[in-house]
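Chain lettering (A, B, C, D, E and F) follows the sequence in which the chains are written, and residue indices restart at 1 in each chain.
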Amino acid sequence: MRYISELHEGETISITYLCKNKQMLKTKAGKSYCSLALQDKTGILDAKIWEMSNAIENFEAMDFIHVDGQLTCFQGALQLNVRRIRRAQEGEYDPVDYIPTSKRDIKEMFGELLTYVNSIKNPYLSKLAKSFFVEDNEFQKAFMYHSAAKSVHHSFMGGLVEHTLGVTKLSDYLAMNYPFLNRDILVTAAMFHDIGKTVELSNFPENDYTDDGQLLGHIYIGTEMVGERIRSIPGFPHKLSAQLRHCILAHHGELEYGSPKKPATAEALALSFADNTDAKMQTVREVLENADEKQEWLGYNRFFESNIRRSEK
Amino acid sequence: MRYISELHEGETISITYLCKNKQMLKTKAGKSYCSLALQDKTGILDAKIWEMSNAIENFEAMDFIHVDGQLTCFQGALQLNVRRIRRAQEGEYDPVDYIPTSKRDIKEMFGELLTYVNSIKNPYLSKLAKSFFVEDNEFQKAFMYHSAAKSVHHSFMGGLVEHTLGVTKLSDYLAMNYPFLNRDILVTAAMFHDIGKTVELSNFPENDYTDDGQLLGHIYIGTEMVGERIRSIPGFPHKLSAQLRHCILAHHGELEYGSPKKPATAEALALSFADNTDAKMQTVREVLENADEKQEWLGYNRFFESNIRRSEK
Amino acid sequence: MRYISELHEGETISITYLCKNKQMLKTKAGKSYCSLALQDKTGILDAKIWEMSNAIENFEAMDFIHVDGQLTCFQGALQLNVRRIRRAQEGEYDPVDYIPTSKRDIKEMFGELLTYVNSIKNPYLSKLAKSFFVEDNEFQKAFMYHSAAKSVHHSFMGGLVEHTLGVTKLSDYLAMNYPFLNRDILVTAAMFHDIGKTVELSNFPENDYTDDGQLLGHIYIGTEMVGERIRSIPGFPHKLSAQLRHCILAHHGELEYGSPKKPATAEALALSFADNTDAKMQTVREVLENADEKQEWLGYNRFFESNIRRSEK
Amino acid sequence: MRYISELHEGETISITYLCKNKQMLKTKAGKSYCSLALQDKTGILDAKIWEMSNAIENFEAMDFIHVDGQLTCFQGALQLNVRRIRRAQEGEYDPVDYIPTSKRDIKEMFGELLTYVNSIKNPYLSKLAKSFFVEDNEFQKAFMYHSAAKSVHHSFMGGLVEHTLGVTKLSDYLAMNYPFLNRDILVTAAMFHDIGKTVELSNFPENDYTDDGQLLGHIYIGTEMVGERIRSIPGFPHKLSAQLRHCILAHHGELEYGSPKKPATAEALALSFADNTDAKMQTVREVLENADEKQEWLGYNRFFESNIRRSEK
Amino acid sequence: MRYISELHEGETISITYLCKNKQMLKTKAGKSYCSLALQDKTGILDAKIWEMSNAIENFEAMDFIHVDGQLTCFQGALQLNVRRIRRAQEGEYDPVDYIPTSKRDIKEMFGELLTYVNSIKNPYLSKLAKSFFVEDNEFQKAFMYHSAAKSVHHSFMGGLVEHTLGVTKLSDYLAMNYPFLNRDILVTAAMFHDIGKTVELSNFPENDYTDDGQLLGHIYIGTEMVGERIRSIPGFPHKLSAQLRHCILAHHGELEYGSPKKPATAEALALSFADNTDAKMQTVREVLENADEKQEWLGYNRFFESNIRRSEK
Amino acid sequence: MRYISELHEGETISITYLCKNKQMLKTKAGKSYCSLALQDKTGILDAKIWEMSNAIENFEAMDFIHVDGQLTCFQGALQLNVRRIRRAQEGEYDPVDYIPTSKRDIKEMFGELLTYVNSIKNPYLSKLAKSFFVEDNEFQKAFMYHSAAKSVHHSFMGGLVEHTLGVTKLSDYLAMNYPFLNRDILVTAAMFHDIGKTVELSNFPENDYTDDGQLLGHIYIGTEMVGERIRSIPGFPHKLSAQLRHCILAHHGELEYGSPKKPATAEALALSFADNTDAKMQTVREVLENADEKQEWLGYNRFFESNIRRSEK
């Protein structure tokens, strides 16, 4: 397959892309046309259907479509003038080519996460963790193939498991080095802290905020998911439940970052540091990887409120 | 009964009070003694048991106790030196004397609130509202005899229903005057916005933050209470549920005031204004009522960040 | 008349518009031309006079002009190449077509406001209110046909009376429901709170910040207008005057919103809530009305610091 | 006269003081007594009248009274037990002894300020300045014998003229060194910037916020005083008036410091720097003068948000 | 030895303490006396010398003194009325008893830190680290026996090495798990990040801010110490020097926390997270250890802006 | 020479410019070309080399080059299509034509600054000041021909000496009018406060942030420069050194403006006011000078957070 990042002006192409967006618009002169956003894992291509004809079959946004057309340059950017479109058949394309994906093996990361699930000694927390990560296939699948964000850090398939693993490992390190921490609460909270994102963001290839996500947010959603499951585990101690859910509610660390409570326990504090550290380390990694290797100063970054510099090797 | 606000130094008393707090302490010289906080609806009295004896029967914090002793003055405040204590019998005292209470009739206010419950036309919202306010006796009782705060505004029995009624009425006014608002969503959200306080604060006479209250907060708790109940109503539309819960989650208006989401719908905005207006009107009312009627300037108030002035009549 | 919102590329037109702006510019090649902004109540049209000739008669910005020309498309927007211009005669056009106007009847709203003027019992406040709203024809006219803003909410003719009425009604509601409020002070302050806008913003069709408006602001200007009028009413009680003016000065609620004093009286607080509520309700109404009816999420709004969502009907 | 700062425990005194405050209170035991705050320019003395008798003549707060009594020590502070009180006769005391006063000669400072009044070339600004500082005797007197604050910097008699002179001189320096500044506007605005304090604070010996001061503030009051006077000067240019009043309105530099407008002209900016610099220099001077000369670090100062250090000589 | 925490009212004692503070004061009645603050590692005792006599030998603040006297209770706190004082001889006391000290073995922690020094591969960074931690005896001693703070976290002897080790270990963890980090820069910066505290705070037993510390701060001081040493190492790469010093300058993460630069490199970011995490983990540890083991809610903590709760074990 | 501000579309030119930037890019069609930024003291010109040929000689960014080509207009801006390029010879051009420069004579300003150097009485401060401004030729040259900023105020050659002189003069004024200030410390600190900018910004014509500048900042760099020089002056009093360096460290006045310490001495406070006042006066001067003389309102300025208005003359 030829990736969007490799296309040139003037080419005539016949390729399958994901149709991320489809809109009927009118020219100034009042003529209708159709504007599409085509996507693969390397980028997005603007396409126009100026004339509706038999060559344009039925399709919807989020379909994989096979397009024929010619590439021109409009206002400094590539534009595809579409001549033919048909829905692609399963088998004609590999969805993986259309979705940005973690560089690490997703199943391997999930496997590593399971070793943490299995390390929890408190029987109630252990049961809770297994009920999601081991026994709940639907959750497992959603969790493994989700991103941890729409854009910013970890916004690729597998991003959620990669970030969760990073936070869990760092939480485990903290539990070992600051022994007054309750490791079981901290590590369990780390594994669950972002599960609300499986609802806040839609699945790939869409990976966009859902209606529930925008109205309720992953912090509330994830805490409620855990609360509901706990109610199905007989004898789960009430205080343990409240403390675990507190860690999830408070993991953004500050009210102005969307946590309705500030961390009040040592574990909630530790989780908020682990989450922030992994998120920021990944953010700076993406800044460094996306810039030219020879560049020293990479430009102002609004997350870090600083111009970012690549260090000496 | 003689109220704490009426006691004088030098008196010998024999009265029933609520024991709000009980602590074993040591003097500098190492001698043990017991320190009590006695309460009625007019205030709090510091009491000490210097000598344990047969005259001091068993009792715990939150018991109503009948105390004998003498009032002295220590560092400018009244102190009771206790000679005898026994648990008071039900019937000996009227709990109402020990609890600050709304000046308005609680049942009347609740009745007025029910007229709003009955005015909701959307069948699902109506069913939801009735399931709490009409059919759930336990909730009804907790809701009616709760405060809306530990201190600040509406921190008295009936405060929760009084505040909820004030917000609901103002929401109704807004729905009438700004007709693009969805009245059913707004009025329902108004009735439910603070129900999490039935869990966040313990019942009177204690009226203090609970463990759950401090760890999770009434915003999360109340939203989850509504979410759980909705799951028991067949066919409740998902979007309606999300929009209603959004109003509750967002009713503090700003992330830094503990809402994990800013208001995103017209109803959520309207509710946040109604809540804030009723809360602040009650706060200023309490400032005015607690000050000498002849005083014009009542001193700096940290909620309003201003010296408050009584206006001309 | 054909409105700007209805024009198409390629048309040749001959229509009267308001010339909101007129500038002499030079092309890169050093040739002079004239750039105009033409306006009607539906929008703004960019026009160019490339060649000065006899066909272009004298005119100034803010004149109504009759233009002939051809519509082309430049960088994605309509542009009028002007061939003839002459000043339009009174009678040829209806100014109302060139000015965005309230959907409600202005005189009716003003009439409703007068019922509040007539409801004031305090003789001094009543006299003051009537001296503006009943006896001062010039003020009356300026007030009725003003906007309440250059852009944002109520930025149309009649916007000032519409907003003032909204705030006054809500103030009346609050006075009724929170009886410790002094209704006369609150309702009078509500009617006067934004009268400084008659000076801060120029009349339609210009509706832009005046020099005085930018240097002094409507809060200072309005308070001074009231202060000066009060000095002409014999025996007006000094304290009443100070409290009324305080409400006007403090109605933005916070120093950082331009009030030089925070609200210190119950009425000043109530007014600041009423003002904020009406302003925000209108803002969200305009967001909802300006968006496609079928769209659920309407995009990020910087006033509300949130993506705004249309609710279920 | 013996100053309060020189009194010792155990002494019997018979001295005239200013009665700044007078309150009837009750002991815990229900007995009435009268509590006084006596003041001279060196401090404040707590006094009690335990027994009302013929020896206690009629007097009110703000009277100069001659007291007889004995000094005791209560909770680590001096307390006067009063035996006799009578109102002091004019002539028996020198009010100057009771009022903290500038170290500089007030008339000399006012004379220096007049040289700036006389240096203004613009005829309208000159007329305006003279109408206050030369022709308005009542204003002159109020201005000369006022403080510039209740507490903080320049809170002594003559403080207003001392601060105004400091700001005017610095403004003159800036006008000379940054010649694009309009010296007449800047220097006039400097002289007028705090005249509202003659209304915001009551005269000595009271020197406290007035009702108007708290409700309206010296920024609004002073701007309005200038505006009213300008209306009595025929032909005063409107733009000049607006720009001058803008400087006064904006002289606190930031909305959150109580200016309803940010400085928009070079002169308004310059004035805000001059005002801030003189105020802070005086504040640090008072910190240094009030501390032991040998101390290097003088403790945390909340205005400067720093521990303050005395420098090497 | 008997510790201050064990003393009782009424005892007569004869013990050696550290005299942390000595002041000559006057009673209200004008009589001179001497007020002392005596310290050991468990707390501070207020002592008074009411009568100077031969029994009171010469001594200064920061001397170890042997005091005889009687313990009384004044305003609820223990006070020692001193009868005799003499300077204690070396050998009479063990300074360790007078200084709060880390629970971990200081030399062992320093040894562990040296393993990190030895793990640095870059020859220049290695040379720099060894020049301080291995070759500079005076620095080594100051570093080992210093606190990391006057109060808050790690304010005990050995606190600086304990905190530095915690940050270095966590930095090493981050370097391992986020391999794009330059481990040598990060680990070196971690070891040096707080060395300025050896100058900012005086040695024990004083452990207070020095004049330089208050005027310049440990961030500037430490960065300059490293800069000066680097100038003595021939060939030290300039960019490496700037990047290392940047990490130290930026380690507080935010300008408002006293770093004159925000972190601009991945290592500077990582160091700021490691520093913050170790500091906060120690702070919460101290909160938990200083509270009664049975208490769940430990009270509001201003660093965490939350009431802190002890978790389930 | 013809300045960039005077060029027109359509011209063929043959002129020497400074090549500020040089980049190899590719067209959409994959063809390589070279993009240049040409500069003189009046502005910047975009230039393209579409065809590499013998006519294009070797050159680098920051070379002065003689270019032949034709001016076209691309997307509304001038663009030079280059035909020939050769490096210009020294003598062919006057570097002064390529660098924005102070309107005041640089040597004269430096001479005026030297009179302040000579006025310092403290022998150590005098020696320090002379060691830089009189004896250190390299520093002198760097200082005189530097800007005080990359953009904003004083971003032209001579800007550093002009700003330093303005701050020093104002500091001298303050020392004279507020005699508790130590003039020697204040005036010396004023002269040194921005010397770190000689390292933070590269020399003209580049005048951009250096690597050290971005990583360490002029505040740290300048303080360290002074600290190092002081170590070479025998007997320089330590406290004087700390207080002087404190003034430099703290001259931005607030932590969030990049000072790692808030001003703690009267001189540090005075310096921060003098620096801020001169910087803002120059900023507003540049705003006024860069706008059309007839314009009253000059548009929103983000430094002043206000629309700026030109005052009456």
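Some points to look at:
Keep in mind that, in the parts below, a residue touches a chain if its C-beta (ideal position, glycine included) is under 8 Å from a C-beta of that chain, and two chains touch if they have at least 3 such contacts.
To keep track of the chains, here are their UniProt names: A, B, C, D, E, F = 3'-5' exoribonuclease.
Since the structure is predicted, the reported quantities are computational estimates derived from the model, not experimental observations.
The set of chains in contact with subunit C as well as subunit F comprises A, D.
When chain centres are defined as mean Cα coordinates, E lies farthest from subunit C. Put simply, the chain farthest from subunit D by mean CA position is A. Interface subunit B/subunit E: under half of the residue numbers present appear on both copies, so the contact uses mostly different residues. If each chain is reduced to the centroid of its CA atoms, subunit A and subunit E end up 44 Å from each other. Along subunit A, residues 211, 214-215, 239, 243, 261, 264-265, 307, 309 each make contact with two or more other chains. Contact topology of the protein chains: irregular, matching none of line, ring, star or complete.
The chain pairs satisfying the stated touch condition come to A-B, A-C, A-E, A-F, B-C, B-D, B-E, C-D, C-F, D-E, D-F, E-F.
Residues 8-10, 73, 76, 78, 296-297, 307, 309 of subunit B are the ones touching subunit D in the complex. Subunit B makes touch with subunit C in their complex at residues 166, 169-170, 173-174, 177-178, 180-182, 185, 237, 239-240, 243, 261-267, 269-270, 273, 276-277, 280-281, 284-285, 288-289, 304-313.
Across the complex, subunit E meets subunit F through its residues 211-212, 214-217, 219-220, 223-224, 227-228, 238-239, 242-243, 245-246, 249, 255-261, 264-265.
Across the interface of their complex, subunit F is touched by residues 27-30, 211, 214-215 of subunit C.
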